[in-house]
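As written, the chain order gives the labels A, B, C and D, with residue 1 at the start of each chain.
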Amino acid sequence: MQDVDTLWADFTHPIATADDYFASLRGRRMNVFFMGERVPEPVDHPVIRPSVNAMAETYRIATERPELASAHTDIGGGQVNRFLHVPVSPNDLVTKHEMQRELGRRTGTCFQRCVGLDAISTCHSVTFDVDAETGSEYHRRFLAFLRRAQIANVVIGGAMTDPKGDRSKPPHQQDDLDLFLHVVRRDQNGIYVSGAKMHQTSAVNSHWLIFMPTMRLTEADRDWAVVGAVRVDAPGLTYIVGRQTNDTRAVDGGALDAGNAQFAGQESLIVFEEVFVPYEHVFLDGEWAYASTLVERFTTYHRSSYVCKTGLGDVLIGAAAAAAENNGVETASHIKDKLVEMTHLNETIYSSCMAAAHQSKPVASGAYINDEMLSNVAKHNVTRFPFEISRLAQDIAGGLVVTMPSEKDLQNNEIGPLVRKFLQGKSGVDTVDRMRILRLIENMTIGRNAVGYLTESLHGAGSPQAQRIQIARGMRIEEKKARARKLAGVKDAAKRQ
Amino acid sequence: MQDVDTLWADFTHPIATADDYFASLRGRRMNVFFMGERVPEPVDHPVIRPSVNAMAETYRIATERPELASAHTDIGGGQVNRFLHVPVSPNDLVTKHEMQRELGRRTGTCFQRCVGLDAISTCHSVTFDVDAETGSEYHRRFLAFLRRAQIANVVIGGAMTDPKGDRSKPPHQQDDLDLFLHVVRRDQNGIYVSGAKMHQTSAVNSHWLIFMPTMRLTEADRDWAVVGAVRVDAPGLTYIVGRQTNDTRAVDGGALDAGNAQFAGQESLIVFEEVFVPYEHVFLDGEWAYASTLVERFTTYHRSSYVCKTGLGDVLIGAAAAAAENNGVETASHIKDKLVEMTHLNETIYSSCMAAAHQSKPVASGAYINDEMLSNVAKHNVTRFPFEISRLAQDIAGGLVVTMPSEKDLQNNEIGPLVRKFLQGKSGVDTVDRMRILRLIENMTIGRNAVGYLTESLHGAGSPQAQRIQIARGMRIEEKKARARKLAGVKDAAKRQ
Amino acid sequence: MQDVDTLWADFTHPIATADDYFASLRGRRMNVFFMGERVPEPVDHPVIRPSVNAMAETYRIATERPELASAHTDIGGGQVNRFLHVPVSPNDLVTKHEMQRELGRRTGTCFQRCVGLDAISTCHSVTFDVDAETGSEYHRRFLAFLRRAQIANVVIGGAMTDPKGDRSKPPHQQDDLDLFLHVVRRDQNGIYVSGAKMHQTSAVNSHWLIFMPTMRLTEADRDWAVVGAVRVDAPGLTYIVGRQTNDTRAVDGGALDAGNAQFAGQESLIVFEEVFVPYEHVFLDGEWAYASTLVERFTTYHRSSYVCKTGLGDVLIGAAAAAAENNGVETASHIKDKLVEMTHLNETIYSSCMAAAHQSKPVASGAYINDEMLSNVAKHNVTRFPFEISRLAQDIAGGLVVTMPSEKDLQNNEIGPLVRKFLQGKSGVDTVDRMRILRLIENMTIGRNAVGYLTESLHGAGSPQAQRIQIARGMRIEEKKARARKLAGVKDAAKRQ
Amino acid sequence: MQDVDTLWADFTHPIATADDYFASLRGRRMNVFFMGERVPEPVDHPVIRPSVNAMAETYRIATERPELASAHTDIGGGQVNRFLHVPVSPNDLVTKHEMQRELGRRTGTCFQRCVGLDAISTCHSVTFDVDAETGSEYHRRFLAFLRRAQIANVVIGGAMTDPKGDRSKPPHQQDDLDLFLHVVRRDQNGIYVSGAKMHQTSAVNSHWLIFMPTMRLTEADRDWAVVGAVRVDAPGLTYIVGRQTNDTRAVDGGALDAGNAQFAGQESLIVFEEVFVPYEHVFLDGEWAYASTLVERFTTYHRSSYVCKTGLGDVLIGAAAAAAENNGVETASHIKDKLVEMTHLNETIYSSCMAAAHQSKPVASGAYINDEMLSNVAKHNVTRFPFEISRLAQDIAGGLVVTMPSEKDLQNNEIGPLVRKFLQGKSGVDTVDRMRILRLIENMTIGRNAVGYLTESLHGAGSPQAQRIQIARGMRIEEKKARARKLAGVKDAAKRQ
């Protein structure tokens, strides 16, 4: 336990505000790279900073709207940030989703803290189940960890997606055993893990990471059945921040060209090289049979978390309406109709996520989990509708979204006045404000935050086919066939089941 | 009050069972016509009977699954059929929707009792509001009416859609004033109304009708602002049952050709010719300003009631799966994928309706109403997805759905054996059972119950454009624009609102 | 040859007009059944007659618009009906498609003669190829047959789809060998074939049938590799006419209820019981390796023939526009927009079919065949767009499409006036005319001609998955990958191919 | 005429090769700006160069595949580059479209030369018509201009889209009259024009520009009814090159990060400040009534030119297939099915464009113009299908498309090996090649060339609503209504038309 106390020694002062959060990120010794260069202080890197800002909103909202973004926990943390609260009622999940939509509206991007929440919610019930069946003490360890995290109010990142290598082979048959994260050795104090996690949201902006297996495992994959928590600055961790569309607009064109200069998402590749995890922070170690349960519960939580995209949808619908107003065409029937269609699609996503929360059910640990079928349905709609909303936003906005001069052109004495003269919209609309709205639409549909609004909506929490497999499993087709046969007058329809 | 007691004299024995219900329909003197002929006893008419059967299921389910299909009411009826229970909590609406889906599964068609439930739920709150503002006594009257109806366990039909004539003119400017139902005279006992209601679900199978205005009214339309309850056999009422696709299969081809021989829907044109309504059964009379509220509340309830179509969807998905199994192709990847797509669309509808129930809110009378935006979104999906589910069902089923010989061909000694020989599917599947499933798919996609599954899904509770108008009203576009402007960096974005 | 001359003896007077055609159908001894009863004179059967009328239009148009519907043939027939002309230029296919669309417009249904044209076009080139490789004389026989048919101007039906039984087994492994049509014995004069053909368009309305195998065959299926021509009244043939949605409206409700009283389609199950085919009318007999070529060529022709559905689309778009006009809402922006969408989808189908004709290529016999990829693409759009066009038509038309009283109600003295009073639309529009248009929309979207417009559009000429398989074969994916690799900068991209 | 000869003096040596073309761009005195800085030699600017490369392919293909990309002209140029050839037969348009698709395949982007071709094709017939009606000599001037252009083999850019300002006002009522390009003064030698053109494809890469009005004009807009040709380096012209998504990847990340390092598109804002046009190069001057004809013909040509996007589609389909192969999942049924769907949509676009070419018709000048309805239908599909193709490509490719490390990370000694280790796909696939393909997919779906593949597909040649208006005009709705009424049995249907 000595070790663990030491690991938490830096977190004795709770992070209460966004400013505390920014301060908490400074001075850490992390191996972070971006575009081939080591980033000594990520919080101050202009490309990374917007993603830190988005995360900081999860602190700001907790104080501004505590009824939405905080919760009382029985685990020991008292009134805690909702991102550290395991849901123990349908209302917890409902409120979580409302908070996620609101943060989507505030930031227009991925605010990155959901994956950690969904990871702790999953670990809560899975460790409980393992303990109940095997007499292990994972759940006690996990609760102790979570209590500390709640009191310190840290950001926990969740890390699940392994590189996978040859998709046709299980972990233990890969040419390179590190293509899935695994235990490479162990000693009396803990385990050492190697491997990597891909596309990890928020990793650089987190304080702790929980790593988990990415798929169903077999007994031969025992060493890959490992869950644990590590500080993001643990020795052996390296972060390679991925390139995003238009990431360098943060530095090359000014705030206007960025579209949304303040907020962005973040994904990175995390490499684990013999990273030590003390046993007190190990929450699964070899119990391979629970990997599939863990993945199913995590994806069930996380697929509904994509309700956040309806917050982004709100922004994009608003931006399209503002663009139409700036052009003086807001009353055209086809414009109004497109805004209605965008809203209809956006609210359809919302309704699926909310239904999945309201119809959540408890598991043995007392945690509530979204309805599995509805959560998959919700996410599956997220893999489709934002693309159509985005197309309609571009339709309303016009071609200038992708042909507009730079803010630097505005600043040039020779051509700045020409740009202002010819980009004038409806009388009374400030030309630069008109440009800002168009850049925001670019940002969300074909720019930096389209990464989160579109591509991540496809693949985050599982690609479309993953949802289809889950829907197939849950569709109760034999029951449906029996209903049909009965109505059709097929004799002995009941017996056939 | 004497009059009113008389009107209820026939209902002194509560209708407890499906058999009671069938009995209650016999011996009434109603003016019912179908295909140009007077129908003396509709319950025994072979074309109408399947619609009576479907309604009877609303009685059967109440005894078989009381936790689902009955409810305790404070209005005085005690434990009553849920179709007579005004929802007073989100859970009431949630359970209502589960009941509707289950009835959809049981019948594979429109079971017709929702419109009455949604009518009483609406009248409950609107009469309350009118009384509160004007000192009228409509709410007391309405509660007294409803208490009697609950105790008697009668079927109440709701009647809203007027013929409308020239859509560009309000009621009082129509060439024929009867094109909207209105008060034509009044005396000391009550009012007399004339006009008609179109597409009325279940009218012939009901015991009472509540009539309501169909749209927003102005002061000049005061005589059209009328709500009341009448017995279905009141003097002056005439019913013309509409033709449905394949309606005569009930008589011309045997049970097999009908596809779903037991259950069907029903719509009729109800003509009112100076129908007397005692004041005790008048729930609005001239308060034109409340017409729009009444219509909005009714459509909000009723649009979510289209969750019933997911029950039909369950049957159709099951039928398609059974057809594939009968053909021996159930493991083909494209077949499985189509079943998943059908399920995904069906559950998306379900999720929207359920979210609209869970997020319902109370109004002054204490009644809970579905969330308006989500209810419109739910119904708008209903105007689209059943058509695609239907197309996919036909895709899986194959062309035989529309080219199959008649059951009468099976019975012919000469060709019956040929039909059996050549319509054989996978070994071990009974050929006639294979045919039954195909006829059921025909029934639901291009036959009698496609009327309810497809066309009624488009127009019931308002055509698609009606939902788009409501979505436009509720989309809070100024708030969304402000969000976008703030993120885009537009100065004074807040002030512009 | 004696036999063959006899077989043609009834056709010495060319069928020049629609009246000639009607006359030619009478007095034949065919085994035709419908709904369990023998039909002695199909042309006079009220349910079958509309399908005969549709076929008759193929004669009428040839005289009214010879530039469109006739062609000069080098085969010996001179100027012949285009339905008997093997296309020998792109323009022949282009004109064929224009004729098909026009006939779709005239009839609003399937006019049934395309399958025979596509059968003779296919036989022309396949027999040529077989002769060239094997020294057989099928092509000579076929030309002789076709010359007679052209001179007599008969209707040739094409019969391809076998019952198939267990889809996982080839013909020779079926429990019942008759589940695919095959040669059961042969003598010095000819062959005897048994089996059946399903969903056969126009069979009862034809004079001759060409039967063909339905899929790729192997050597063990040699006896199933058979093509030949028989008179429709040949001994051993039995026809069971399939039931269609609302087929009995032709008798039970009057012309109005039928929606399109004049025209309809027709499919039947044809049973072959040891039907004799003289060698002179055998065009393939055992050359199993050519079956796949034959099927591919036939489907390539026939998939483009679905351009006819754009003619039906024209009618349905017009009907929807007329319905809107009758309601007085034709200038509403959402109505206009829906008509545009319907037109866009309809013309997209047209464009794919026409491109497939313009880009046709000749084969060895000199016949031109539609571009295979584009023909598959065209048909694949036909499996989707008519469903959406139909949904939009119902949207515009309103719910009355499925709830309207019968024509018999109009004729009733008591209720007829009520129906007229309340179904009044815009002032000046005849109420019965308004009803007629709504019945036509019912007919095409959920009535008798929806069989052809919707379900047949899915399955005719091959179900959707059949087109996807052909598209996959023709997509030249290796070439596309090489293009991508080259642009991506992959070294040796060319070598990888 | 002296002036005009001088203007052509720099073009005495025909541009025969791509190298000639590059040389021809150097040393010109143009006012070109990008990101606030003057660009002295655009051809050597790393961000602009890929767009020059794409244009250069139009020269390369003419020598490599002359049968496709050159044509004989009767105007005087002999065998000329097809981009300078006015189509005088359907085959000219068919071959043009095949060339466009091939160039799309070669470059994976907009090669920019179509707009000039469509401009000259339009001017050919419009000047002919004006001369015929008014006795002007525009056509002679135009032919003389075109002959010189053909001989010199220059790139002609077409410039149409005005800034438009307040969309509710015509040109002469705008607050700033320059918001539409117009004649500001004239002298004995020529006219002087001021204004601007937005989103101009290829302007910086061209030698000459033809400017044209952007919409229907009225008599009061006479000064805005002007067409003429100017050298791109004419005094008074300023070019502000627009920012594109990921444009700076050309400089900041290496060839890999760019995805398609060699080729890109280009749009700029062209400002005209009293630019002189000698009368010999004026092709319309005040004949306002012809503006609408000119716009309609131009858009009819140009909408079909979007067939080029099917070439991009070929590349993207290939890239998705290569990505699947690299992941070892190319045989998964859902992957194959998505590739088929992408191909189906891509070929549907192709078919519409090709049909519009094959069914082109001549106008008075002898030029052939694509079928107007089909061209609008083709472009309307282009506003939809590339978005779905793009979504499916991202689906197949996986999330790495937007989270992948930079090429610079590969080059870093510390993390380069880690990236290689963990981004390994199927055994035997080079990891960097795998990354290249993913970057290409990023480039086309959310990167630089998504500008052309997606947003330009929406708005180029007119936004979606513009096509809907044209489709509405061409849909012959009265004829369709008459067809419907006739089939429905409405009396006097013919008379109503």
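By definition in this document, contacts are C-beta pairs under 8 Å (C-beta built on N, C-alpha and C of every residue); 3 or more make two chains touch, one makes a residue touch a chain.
None of the values given here were measured: they were computed from a predicted structure.
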| query | Where chain B and chain C touch, do the two copies share over half of their residue numbers, giving same, or under half, giving different? | reply | same
| Contact-richer chain pair [A-B vs A-C] | A-B
| note | Per the C-alpha centroid definition, the whole-Å distance linking chain A and chain B comes out as 41
| query | Using the average of all C-alpha atoms in each chain as its centre, how far is it in Å between chain A and chain C? | reply | 53
| Of all residues in chain A, which are in touch with two or more distinct other chains? | 334, 337, 468
| Tell me, which parts of chain A touch chain D in their complex? | 33-38, 161, 163, 165-168, 175-176, 178-179, 196, 198-199, 238, 240-246, 248, 252-253, 257, 267-269, 271, 327-329, 334, 383-384, 387-388, 391, 394-395, 398-412, 414-415, 418-419, 421-427, 442, 446-447, 450-451, 454-456, 458-460, 463-465, 468
| message | Taking the touch rule as given, give the residues of chain C at its contact with chain A in the complex, in rising order. | response | 333-334, 337
| remark: Within the complex, chain B is touched by chain A residues 94, 105-108, 255-256, 259-263, 314-319, 321-322, 325, 336-337, 339-340, 343-344, 347-348, 350-352, 354-356, 358-359, 373-374, 377-378, 380-381, 430, 433, 436-437, 439-440, 468, 471-472, 475, 477, 479-485, 487-491
